[in-house]
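What follows is a set of structures for review.
In what follows, chain A forms one complex with chain B and a second complex with chain C.
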Partner chain A sequence: MTLLDFARGPALQWSIIIFAVGTLIRLFGAAFMLRNKVLSKPRKSDWVRGGFRTILTRTLPAPVFEKRIRFQHYAGYIWHIGFFITLLFFQLHILFFKGLFGISWPGLPNDVIMVTGAITAAVLVALLVRRMTNPVLRIISTIDDYISWLVTLAPIITGMMAYAHMGFRYETMLAIHLLSVAVLLVWIPFGKLIHIFLVFPSRYQQGAKFERRGVRA
Partner chain B sequence: MSMDKPMQEAFAMFYGMAQNLKDLATPVEMPDEERVSRAKQAFLSKLDADMAVDLETCINCGMCAEACHFYIGTEDPKYTPIRKLDLMKRVYRRDLSPMRWLHRLYTKDITAKELEDWQELVYDSCTVCGRCSLMCPMGIHIAEMVAVNRQVLAEAGLIPDELRVMQEGQLEKGTIFEAGPELLEFRINDLKERLGIDIPINKPGSDIMVLTSGLDIHLFYDALAGTAKVLNHLGVSWALCTHGYEAANFGLLSGDEDTQHVATMKIIDTAIECGVKIVITPECGHSFPSLRWEGAEIYGKPLPFDVMSISEYLGRQVMDGKLKLKKAAEKKVVALHDPCKIGRWGGTFEEPRAIIDALGLELHETESNREYNFCCGGGAGVFLINRAAPLRQKAYEVKMGEIKDTGAESLVVSCGSCRMNFETGKIKSNDTIPVDSLVALVAENLAS
Partner chain C sequence: MRKDQTLGEVLRQQGVSRRGFLKFCAATASMMALSPAMVPQIARALENARRPSVIWLSFQECTGCTESLTRSHTPTVEGLIFDVISLDYHHTLQAASGTHAEEAREQAMEENRGKYLLVVDGSIPVGNPGYSTIAGISNLEMLKETAAGAAAIVSVGSCAAFGGIPHANPNPTGAVGVSELITDKPIINVSGCPPIPAVITGVLAQYLTFGKIPELDHLGRPVAFYGKNIHDRCYRRPFYERGQFAETFDDEGARKGWCLYKLGCKGPITYNACAVTKWNDGVSFPIQSGHGCLGCSEPNFWDLGGFYKPLAQATMTTGTVIAGAAAAGAALGAGAALLGRSRQKKFRKEVSEESKS
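For the complex of A and B:
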């Protein structure tokens, strides 16, 4: 079995299994703990709507907050969007998904993807520098933050290197790229990347709690 | 009205009394191992699914710091709100998280030294104002969990001395600042003699039970007098009950749940015994959520009466056209402070604005207003902690900066401890803006 066969085969398969099982354990393990029934009379009874509203509205900070978090907020958006553009609209990725799921969609020109990937990587590097130098981020950062950063950046860098025929020969770089994706998938249930799922219930909870009190959160 | 001469004198005396609270405290002796074990047990018994989801979701972005008046005022990263949950996060990760078998490998256990250090973080430098919760892009309710951290430190015998003296006093006597029934009676007679205001006491069959607080009995009697004057003017059936009138809850503020329970049940029992339909909390911020939201949880079922803060009640009367007020001859520019516990934690925003409008005053909103309002810097009992004075002054300056930017000639407030913090902050920063009680303003301007 070549490295590429291993990466494409067992590595990817096992990483998907670990990702799926681990994520379910983490999500349900937390969400199904006990919670008390709220007994006070609500000011507004439609708190479910308030919860869903906060899921949407918290996507943007309130204007009074925005000016204090501008760089971090927009940098965060840029790399998240860049990451998903390269993941979903790179033509080779679309071919890969077609092989897996049998469906495909139009892609973007390769040059656009490369520029997007480069911007995404650059923003991630800038955010790492910020994490290591900003006093607030330094004091609250844990090993999880650095591992999560690394496993997020690695697929972007290795993918761009494989496409540009940099580093090892193409098959090896492709294998390394696939392995980096496997590592990313494996890490999701264990570190802070789990927020890709939990951000929604967490925002909902807060929105619903404030709505009961008549406050738009 | 702003503070007149007698109130200024009372303020000086009261401030002196508050400064000496610490001297009355007896130390809580507890071995380190017991502190840690009690704290861990408390964390584990209080962590629920909502908190677990929140703790699992944090991405350590640190944006919450930019919402916190203590961080903005000091720029000291240790006051980052999410960091205040660090011990809670660690106990959760090591002992409760679905991934605890992994997290245990690299997550340090909490220590007695850390618990002691946390006193400053969850008491001195957090007024549980909740602004950080609204900033969090993940929707983590940080402030709610800081309040739980106070309960944990209370279990570990680490309530700051001043709050412990208040808590123990309220548990023992049912009142605060020694404002027992005799002092209340004195104040009621005083208001009758000086201002001709009648306060009905223990009147059977009343629809409304009004609460007051030691702070208003001692110092801000204009708020108590104003409440009585307006309710008498409205002609509603109301009374103050001498066996359950203290609205403040130092159990809630200190984190001591037994005291919180006793103080809350005293009000609930009195209200049920008197058969009232509405209980009105005074201009005392935390007393509102303490009864309105937490009361039912302590009682074990929905409360058989409504709970309103005085600003909410009077605002509704104005909005419904039942209370007419004299409009000011000249349009005076005022700013409004939404007390965190009545606004962000209570949902009362439009009622005080309706009153200000009815008074013919021109409201200039602070840049952060309504649910995004900055705290005065002294809420949740912080105004009583001596060593927190420099910290809360920094937070006060953040707030006062926004107030000054409005160009207002005076500030309207409907919370006694906010007033107290503004008055002391003004002295230290040489600010002169008058601070008025909302209810006292209403009382001064009743239209016949």
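For the complex of A and C:
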């Protein structure tokens, strides 16, 4: 079995299984966790509205912190959007999803994807530099942050290299790219990348809880 | 035709002009990525080369490799070069049969011990020896016996080089290539299903010219012919760069000659000279004819996940696998969550009782 056979076959299969099982265990665990009974009298009754409002309001930086976190906040937007454009609108990625789910959709021109991928990778590198040079960020960063950064950047870099036929032979670069995707999938349920699924539910929960207490979150 | 004639003498007898011969030498030098300055040397070496004895063994094969080499419509210089090799044993092409054929092989081995070239096509079954025999001799036994006195071995075709189609899963005969069985002789793998005729003659010409095997890649193939992948030399490559792909074999993209990657073309992972040398005297090659490359010069090409499965797709993962994993994850997650809840309740109860007491 060649490296590419391994990457296209067992590696992707098991990483997807681990990703699906691991993620659902975490999501179910969080959803059914026993919560404390709320004994206080609610100050406001429309918690649902408060929850959804918080989902929206936290898409922008809090005014009080805006100056300090502006760069990382908007840079975060740039690379997240770039990542999803690259993931969902590169024609060969659509081909990959078609192989899994049988559905496809129109893609973007390759040049657009390459530029987007390059911007995404550059912003990720800039954010790492900031994380390592900013004293506060450096102190609160854990190994989880660095691993999450690495497994997110690796598929972008290896994918661009495979597409451009750079580095190793094409079959080796494609295998490395697919293996980097496998590592990303395996890491998602066990690290901070689980926020992909929890970011909006946790915002909602926070907003609903604060609304009940009469606090605007 | 006398065996001690030089190649130059034979070619002149066949009516090949000096100009035609030098053109062949220049083309050979070009194919092998040699300097033009080497052309006179190639011509001199080929002109003075004695007809080498060649023993051609065919094992588990379909005769496609021999067909590839012999079914040319016009007598090319390459064809003549092949004619003037002393092909002492080839059970498809030789007139003799039965014991006479085997005697010819044994005689050639005896007379040219240590000097003859052994060409093999077809894989060798290492399971039951009775799977493939010639004159009652198993393929394995015949290979070992003939290889012992050979100067070098040329494995023609993917079957002889890597096991090929007989080696495909589940490999019922235990088929393997020559290099898995013979380790003490120089082996040149001329893979392909079949290999390009010009590649076979090019390899033989290089062996005749320099008296040694050419530079080989990690799979034992001549770098001059197998150094670049089909994709890098494909005339449809610009369409890949622009993201223009044929989605089916008869859509607008296919008619416009766009890239066949999405239709399962294995050109990006296949190393061969098809896109440059082409087939049928340079007329075309599979991609030019509208079909993706099958990757036939690579090991295990039959088991690369399907000829029409694009390289960018997973080979084992399906929607069913994902649905199964999701169902298992949901069940495990629900179970773990319920267990967690009961433990939480128990813990709270214990804390509550402790605080009361």
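Here are a few things to note about the model shown:
By our rule, the second predicted complex is superposed on the first by the 214 of 217 C-alpha atoms of A that agree within 3 Å, B and C clash if a C-alpha of one lies under 4 Å from a C-alpha of the other, contacts with A are read in each partner's own complex, and residues count from 1 in each chain.
As a working rule, contacts are C-beta pairs under 8 Å (C-beta built on N, C-alpha and C of every residue); 3 or more make two chains touch, one makes a residue touch a chain.
Everything numeric in this text was worked out from a predicted model, so none of it was measured.
Of the two partner chains placed by superposition, A:S180 touches none, neither chain B nor chain C.
Of the two partner chains placed by superposition, only chain C is touched by A:P109; chain B is not. Of the two partner chains placed by superposition, chain B and chain C are both touched by A:I25.
In the superposition on chain A, A:Q91 makes contact with chain C only, not with chain B. By the touch criterion defined above, A:D145 reaches chain B but does not reach chain C. In the superposition on chain A, A:T2 makes contact with chain C only, not with chain B.
Using the contact criterion defined above for the overlaid structures, shared-chain residue A:L34 touches chain B and also reaches chain C. Of the two partner chains placed by superposition, A:T120 touches none, neither chain B nor chain C. Comparing chain B with chain C, more residues of chain A are touched by B. Overlap of the chain B and chain C interfaces on chain A: residues 22, 25-26, 28-29, 31-34. Residues of chain C that touch chain A in their complex: 229, 231-232, 241-243, 245, 261-262, 268-269, 299-300, 303-305, 309-319, 321-322, 325-326, 328-330, 332-334, 336-338, 340-341, 344-345, 348. Residue ranges on chain B touching chain A, taken from their complex, read 47-50, 52-63, 65-67, 71, 75, 77-78, 80, 82-83, 86, 96-99, 102, 106, 133-141, 144, 292-297, 299-303, 306, 343-348, 367-368, 371-372. Listing the residues of chain A that touch chain B in their complex gives 22, 25-26, 28-36, 38-41, 43-44, 54-55, 58, 61-62, 64-65, 68-69, 72-73, 76, 134-145, 189-190, 192, 194-195, 198-199, 201-207, 209-210, 213-217. The touching residues of chain A, when paired with chain C in their complex, are 2, 4-5, 8-10, 12-13, 16-17, 19-29, 31-34, 91-93, 95-96, 98-102, 107, 109-110, 165, 169-171, 174, 178.
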